[in-house]
Each structure stands twice: as C-alpha cells, then as structure tokens.
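Dropping the structures in below, format is structure tokens.
Note that subunit A is present in both complexes that follow, paired respectively with subunit B and with subunit C.
Let's turn to the complex of A and B:
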C-alpha cells in the first residue's frame, strides 16, 4: 500500500488556545481511518485545514508526496468533504447545485450523481431550502462521491440524525468503499458507527494522536468495546485512573 | 441471516466466518449454495467491505468456500464434511459434560449406558424429520 496523505508537526491555535500541537498522521490507500476525539479536540479544525478552509500555524501536509499549502486548490479535486452541516446555496435547486459543482471536478460522474439522488429519493427539482437535515447530508454525500474522490473526509456527519438515517448513510459510504476503494477519514465522537467500519483507529487528545493503530490489534489487546477503549485511553492521557 | 456484534471483542471478520459456518452446520446453507457478494453483505450488515473480503479469503484458504471469478463465492463440499464432523464434536462435548456429572454421583459405566439407552428410547418419537446418522 502506498502513502496517500502525510502530515507532520501540524499545529494550530485559536488565540492562546492550542488545538493541534505537533500533529502527525500518515495514511495509506484504500483504508478507513476512524478519528475519535471528544468535542473540541480539533477534529473539525484538522478537516478544515486539510480542505484549505483555514490556514495552519505550522507543519507540513503532503498529498501523494507533493506538499500542499494554504490557497492551493489542485489537490482538492481528489478530496471529498462531508461536514456536519454541509453548506449549500439554499435557493438553488438540487440539479443546479450538481451542475455548479460538476464544473470544478474533471472526474465528475453525472450518471452516478443522478442515480445516487434517485436512491436517496431526492427530487432534482427541489430547492435546497426545502430539504431536511438528513436529506441535505445525503445530498452532500452524493456531491462528494460524484467527484470520485481519492480521499474522503467525513466530519461527524451523522451526529444529530436518527438511527435509521444514520444506518442508511453508513450503507452508502460502504457501497462506495466496495466500489472504488476510496480512503476515508471518518471523524466522530459516536463510537458505535466507527466500530463497524474502522480499520485504523486514531484517537485525538491534547492536540495530537495518542493512538494510531490497527483496530483489530487494539481490540485484541484491550478485549473491550471501542467505547471502553476510548474512555480508558482518554482517562490515561489525562493522567487519571487507567 | 448473518449477524455480527460490532461491540464484541471477537474480530468482526472472525464473527462473519463463524456465522457462515454456523449456517452450514444448521443446514441453512448447503454445499454449492451461493454466498452474497462482498459488497452486498457489507452493506446489509453495515460493516467494512474489506472485513467481509478478509472473512471470505480465510474461508477460501481453508477450503470451506470456493470463489469463481465473475460468479461469486459458494459453499465448498469440504464445508459440508466439516459441518457433519462439527455436529458430532458438539454432541461429544455435551456427552462429556453428562459423563462428568454421572461420575460426580459415582455412577458405574453400566448405569450410565443404561440411562443413556433409556433416554434414547424415551425420546425416540421426538426426532425431527427422521434424520439419523
């Protein structure tokens, strides 16, 4: 497996509060990385830096060996991003949003986009403002997937959704994985979903990863559920009881 | 049909393997029956397709399923044999327990045999579908 994304000594502070501190991560092709962290630990900050929404304070990010800096846009064609609350122009119709996005992505798959919409039961003529939160999320996923991303970032997309909608969403991610072998970084604080699909477990605490290991190995060592593993790791890192 | 518990500390690929073997042992999957595709099974039970692929790969390595390019995976004849052996092993284990109990009560082997035969005839009309081995 080859190295897809590598991050070294990444740091970011908001005012005096450091969020990422000397953060390191290397990802390989075609795997699912589960990024666990409590709220406010910097999961979204990391996603936003990777997507070029905000600059980092220092450190290095490489995608397929090439360094990427704030303001670069070329690499983003290979990235898909589904944030917790996808931003759309609310007055656009679903179809015009897809046409708008298609122009930015050379590998845009219009057929796939429309078949995904059909499967999600989203009317292409609907205005975005009329869609429910679950629908908007699915639209966000359809848009991200139509661009045939090599690296897909899911930033806590399922929080606040009901269980059936969450399971639907995960199923769609799984179908995508099976079809294209996209690398996924799934950031969440909801461990139950991660447990089903994660291959490599990352635990973010205090601005850096306190765990970066194959999930099966971690599970065999702890003989516990992901929830218990997560709680015990964070407690240990805080210097509390193991 | 196949159920996994992601929160269990038994690896999910191992659970998938065990589930398939269980379905064969209980006769719900028979030799030459097709298995769902990796993609379908992964989506159905909501687990990573790579995990399903690993379970299938390991079953294939031990000859319990066979995969034909473009046609999918099937239960191999070997799995049927194993299932028959597996049923016998399971029964032997139950009997080991019963014998251990009998020894606790200091019953002689003759008595144990007699009780076993008695139970066997008493339950004779309870066999399901008349399947004998």
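Let's turn to the complex of A and C:
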C-alpha cells in the first residue's frame, strides 16, 4: 500500500492554548484509521485543517506527495468530510444541496446519492432546517459518499445517530468504503465504536499522537479491550499508572 | 463551480431582491400616479436616486456572508473544493448583478415614463462642483461603491446591522469627510488639484478605496482563521490599513499625473518688476526665469475665482479665505513684485476698508505707476446690481478705498445683462478705459472712458475692443485697438493714444481683419495675426510685424488656413525684442522667428504635451501651457531643453 497523506510537525493554537503540537501522521491507501482522543484534544481541529477550513500555525501536509496549503482547493475533490456538527444551508432542500455539491466533484455519483437518501430515509424535497441532527448527519454522509472520495474524514459522526443506523454505518458503510480503496480517518471519543472497524489505531493526547500502531498488534500486546487500552495510554501520558 | 455559487446566492437573496424591486416599482409608478404634481415627482425621482439605490446597495452588500454566519455554513462552504477567491467573486458578482438588475428596471422606466429623465437627468450640484455625466450615473457609481464596501465588510461580522452601519460610515462617511474637507480651510489650499479634477479625483479615490476594501476582504477570506473572529478582524485591519494608504497615495499620484481638460489662462499675463505674473486654473503665480521656478501668490481652491493685475512694480490679486461653505471671505492683496510689502486692501480686519457683503471682485487694474488699483465688483454685471456702485478705487498702500459714483450710461441697463472689464488706465491715471459687451448683442463691443475727475463716462468707440488681453504698450502710452466700421465689417487694427484718448492718425489703419496683437518688449514693434480672404473663398491666416519707427508693416508670413490654429499662435516676443516665438501646432513645435519672420529655429513639443495653448516668453524661457493636460512647460531658448513645471 502506498502513502496517501502525510503530516509533519503540524501545530495549531487558539489564542495561547496549543491544540496541536508537532503532530505527525502518515496514512496509506484503503485503510481505516481510528483517531481516539479526549474531548478538546484537537480531533476536530485536525479535520478542519485537513479540509482547509482553518489554517494551521505551522507544519506540512502532503497528499499523494504534493504539499497542500491553506489556500489550495483542488485536493479537496478527493476528500470527503462529515463534520461533527452538520451545518448546511438551512434554507436549501436536500435535493438542492446535492445539486449544489454535484458541481464541485467530478466523480459525483448521482445514483449513489439517491440510493443513500433512500437507504437513510431522507426526503429529497425536505428543507434542511426541518431535519433532525441525526438526519443531517446522514445527509452529510450521503453527500460525502456520492463524491467518491479517496480520503474520508469522519469527525465523530455516530454520536447523533440512532442505533440501527449506527450499526448499519459501522458495519456496512465503513467496510464498503475500505473495500473500495477509500482511506477513512474516523475520529471519535466513543472508544467502543472503533473496535469493530479500525485497522490502525491513533491516540491523540497533548497535541500529538501517543500511539500510531496496527490495532491487531496493540490488542495482542495489551490483551485488553480497546477502552482499557485507551484509558491506560492516556493515564500513562498524563503521568499516572498504566 | 462559480455558476453554482452564483446561483446559490441568487436563490438565497431572491426574497430581498424582489422586496427591493417592489419598492423601486412603487417609486417609479408614483411618477404616473402624481403626474400633475411636479414637486412630488421630483421628490420621488430623487428618492430613488439618492435614497433607494444607495440603501438598496448597502442592504444587499451587508448580506454578502450573512447566510454563512447565520447557519454556521462557512465551514461547510470552505471545505468544498473551490478556491476562496472564487467564493468571494461569485458572491460579489451575484450581488452586483442584483443591483444592476434594479438599475436596469430604473433605466427601462427612464425610457418608458416620460418626464423621469427630464427630472433626474440634468446637471446637478451635489458635492460642490458640477456633475458632468449626469445625476443618475453619479448615483449608479455611488451605489456600486457602497455595495463593494459593505460586501467587503460583511465577512467580518454576523450582525448585518453592524456591517450596515460600518458600511454607511465607510461609504457615505468618506464622501461626507471629503465634502467637509473641500469646504474647509484645508480644501482652499488643495490647489495642486485643478478644480476640473476635483470630481475625477474624488471618483478615482472612491474606486481605489473600494478596491482596497475588496482586496483586504479577499485576503482575509483566503488567509484568516474564521473560527477566531478576533484574529479574523485583526487580519482584515492588517491588510486594509496599508491598502487604504496605498489607495490614498494612488489617488494623489493620479491627481498629480493624469491629464485634465483644463481651461487655458496663461495668456493672462502682466509684467512688473522684471517678473511675469500668470493666472491659471490653479491660481496665480509669478515665474522667475533666473531661478527657473514658479512662486504661487494664490492657490485656487474649489470655489476660487481669482483676478490679478500687475504694473508699476506692484501685483494685485484676489484670494478666497474658505472657512466653511457659507463662510467665504474674498480678499484683495497688493504686494511688491519682489514679494515684499504685502497689504490687504479688502477683506482684512473689519473697519479698515468697508466692502459690502455678498459682493465679489470681477476685475482689477493697477495704474502704470503702481500707486492705485481700480476695482470692478460683480454689481457691474447687469441683473446682479446691488446698492453699491460697481466701480472702486484704492491706493496700493491699502488706504483710501473709494466707491466711485455710479454712471447710469455705463452701468445702467435696467433689464439687460452685460459683461464689462477694465482695458487700461488713460490720461496719466485720471481716467479708466472699460470694454462692455451686452448679452443680447454679443458681437458688439463698446469702449468706454470713465473720467475719474468728473466721475462721468462716455463712449469712445461703438465697435471697438482691445486687440489682446493686455493691450497697452510696455511704456503704457499706447494701446492696440481693434475697431469696426459696422459690426459686420472686419476688425481694423489701430493704435490708440492713452494720453489723448484718440486713435493715432498716422497709424489709424494698420491692417484689416485682425484677430490678436502682441506688443514687443521694447514697445517698438507689434506682432499680430490677421485673416486674408483668398479668391478661392478660403481664408489664410498671416502673422505680421508692424514697426512703429517705420510706421508700416515690415514683415508678413503665411501661417495656416485654420482659424482654430490661428487663434492659438499666441506670438510672444523675446526680452530683447529681436525674436518672436509662436506655437505651430501643424508642425507640432515651437517656432522661433526673427523680426523679418524668417524661421531661425524650432523645438518639437515633448511627447507628453497634447494641446499646446498659451505661450509666453520670459527672459530666455518660453512658458507653454498644455490646454488639455493642464500642465505647464518651459522651453529654454538657450539650452534648447524642455522641462515640466507642473
């Protein structure tokens, strides 16, 4: 598998509070990365920097070997992004939003978008402001999947989903994506969500990764549940007992 | 992508657009509803142009990024694969096209509803100077300017009203501040901006300011962190501050360097104390050929109209002291030609010399000995008469300002409008010659004599006028006079004796059909331009030299067949009186002629000179004014080089 995305020495502060410090990460094609971190550790900040929504303070990001800057936009055609808070244009209808997005992505799959709306039981004629948070998350996912991304960032997407959809999402959607060669970065603080899907585990703490290892290796070493592993790693990083 | 963003904006702002459209349609329909009430129709037309369009633009502009802020969708939009500059441009073009659509509706109404163009299309005065292109185009530009400012600011704040008020301050406030400055004392000193340039400079300044705001807005969008409003605001300020300074500097550079269609007044010249005084659109200045520089006596402001006279080692000129728009004092100054002994004769300390309120000076004439100055007020113009008679006289030391008695024969045309100006002092300072032209008989000039002893006036010639703006000979004893047997006959050039106030008999008829005459610096020769009808019906314009010693025309040279060109020859003698310099626009050069009018040399005009007009030779320097660019150049007759003075 070849390197898809590499991040070196990435840093970002909000005011005087550093969120990311010397952050490094390398991802490969077609793998599912699980990014675990406590609330406020910088998972959303990382996702927003990768999507060019906010600038970083320093560091370097390369996608397929090409350096990408804050002002670049072309690389985003290969990126999908489902944010934690799904803010859309509230006055648009679902169909309008799909049509709006279709113009941005050359590989846009209108059939896939329609089938996903059906799968998630979203009415194309509905105004976005009438949708619940969970429905908006599903809509965001439908938009991201229709763009056929090479790299998909899921920023804590399951927290607003009902149980059947979450199971559907975790079991089927992620596996389909991985099978199709899409690299997935699944950021969450809900540890148990990752257990069934993650291939490589990333633990973010204090602005940098304290773990970047294949999940199977981690499990073999610790002989514990993912939740226990995560708690142990964070406690160790904070200076407590493992 | 651009289209998608553009259409999205239209869909989002459709309600606002149609609301504004409905208001506009109501205002336009009011024109038909109040067909019989012109005052209401006028109010409605100006309400559309002055109130509706600027505020429609402001409201549209302030909503630029409102949707993104309101629904928090800015992060969603920025994560799409589209460059942020495209986002800005698509949004701006969408808002601009909404404003353009409103203007198209108004333009259609303009054509369809009779009377709107009549109400709104005339030349108006809004900021202290005439608006050339017409009122609607002014309003159009202002609305586009306000849209750009408010749109640029809209990405800074989610509260539309905050942006609206800032937009009003930044947009309308800029015009208000400029208006206040132009009307202040400072505005009176902005002489380096020619009055004709004031409006273009204002508009260019607005355009550059708008571009500065737009550039700062785009840079903020592309470079700033929207998740941190404070750093975003600081980012905007950081970009805007140098760009606004650049815009102001750019405006100043443009004002300095760009051509302006100015009026040429350079021929209004008087020599005194070895230096030449000039009046141009920019004010009054002296030129020192030795130092090769000009010295401003008075710099014109946007409201200034100044007059100047120089003789007997003295210079008299008017200047305006502008405190506010409604508090303007006209002052009459006299000083020695070397710049010393400056004395205020009118408009100085109260009680020194009484000068009636709301009365302005239209002409001045210093006596040849420099001891007295004659003053003509605007009440000399028919239709503007006030209680004070128009003719005044004062000593140049600032004492004895005297209002001379009115003379009904000279100034009393009850219902007519006429134009009057001084021509020369006569009878050793005991009489004044004045030229008068009535508006209903514009081709008839009459030459009057006002006797300062008897305080009476009489007509000297029915159809006579000075042959140039300064017709007196350097010695002050003769005047070049053009006169006609009847108003239809050609102008005959003659010499008028200022002591006996009669035409000199032996030179009664120098030439026929004279246009202009120019005295040699020694007073022994007179150069003039005259028309010669040809058998084929085409006129030829000649330059001739008359010698007073020989009492005949000693040289004549065919110059052109174009009257327009002939009017611009502006021959001027060198200081030794041995050479004559003329503007030859057909040859695009300055020509140097001997007293026999044989060409002794020529100097091509610089490439930057578009329309050489006024010419005066002072010492070994020739001053040439570019009538199109409103610039002044000097040509050194010895070194043969050009230099731009302003």
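As a working rule, the second predicted complex is superposed on the first by the 232 of 242 C-alpha atoms of A that agree within 3 Å, B and C clash if a C-alpha of one lies under 4 Å from a C-alpha of the other, contacts with A are read in each partner's own complex, and residues count from 1 in each chain.
By our rule, contacts are C-beta pairs under 8 Å (C-beta built on N, C-alpha and C of every residue); 3 or more make two chains touch, one makes a residue touch a chain.
Not measured: the values here are computed from a predicted model.
Once subunit A is used to superpose the two complexes, subunit B occupies space next to subunit C without a clash. In the superposition on chain A, A:179 makes contact with subunit B only, not with subunit C.
Superposition on the shared chain A places subunit B and subunit C such that, viewed from the Cα centre of subunit A, they span 170 degrees in steps of 10. When the shared chain is aligned, no partner comes close enough to touch A:235: not subunit B, not subunit C. Within the superposed three-chain model, A:71 lies in touch with subunit C and out of touch with subunit B [touch as defined at top]. With both structures placed on the common chain, the touch criterion links A:48 to subunit C but leaves subunit B unconnected.
Once the two complexes are laid over each other on the shared chain, residue contacts for A:81 go to subunit C alone; subunit B is not touched. When the two complexes are laid on top of each other via chain A, the two nearest Cα atoms from subunit B and subunit C are 27 angstrom apart.
Partner subunit A is touched in their complex by these residues of subunit B: 6-9, 11-13, 38-39, 42-43, 46-50.
Residue ranges on subunit C touching subunit A, taken from their complex, read 1, 3-4, 8, 11-12, 67, 70-73, 75-76, 78-84, 222-228.
Taken in their complex, subunit A has these residues touching subunit C: 14-15, 48, 51-55, 70-71, 73-77, 79, 81, 83, 85, 87-92, 96, 100-101, 103-105.
Chain contact summary for the complex, subunit A toward subunit B: residues 30-32, 167, 170-171, 174-175, 177-179, 192, 195-199, 216, 219-220, 222-227.
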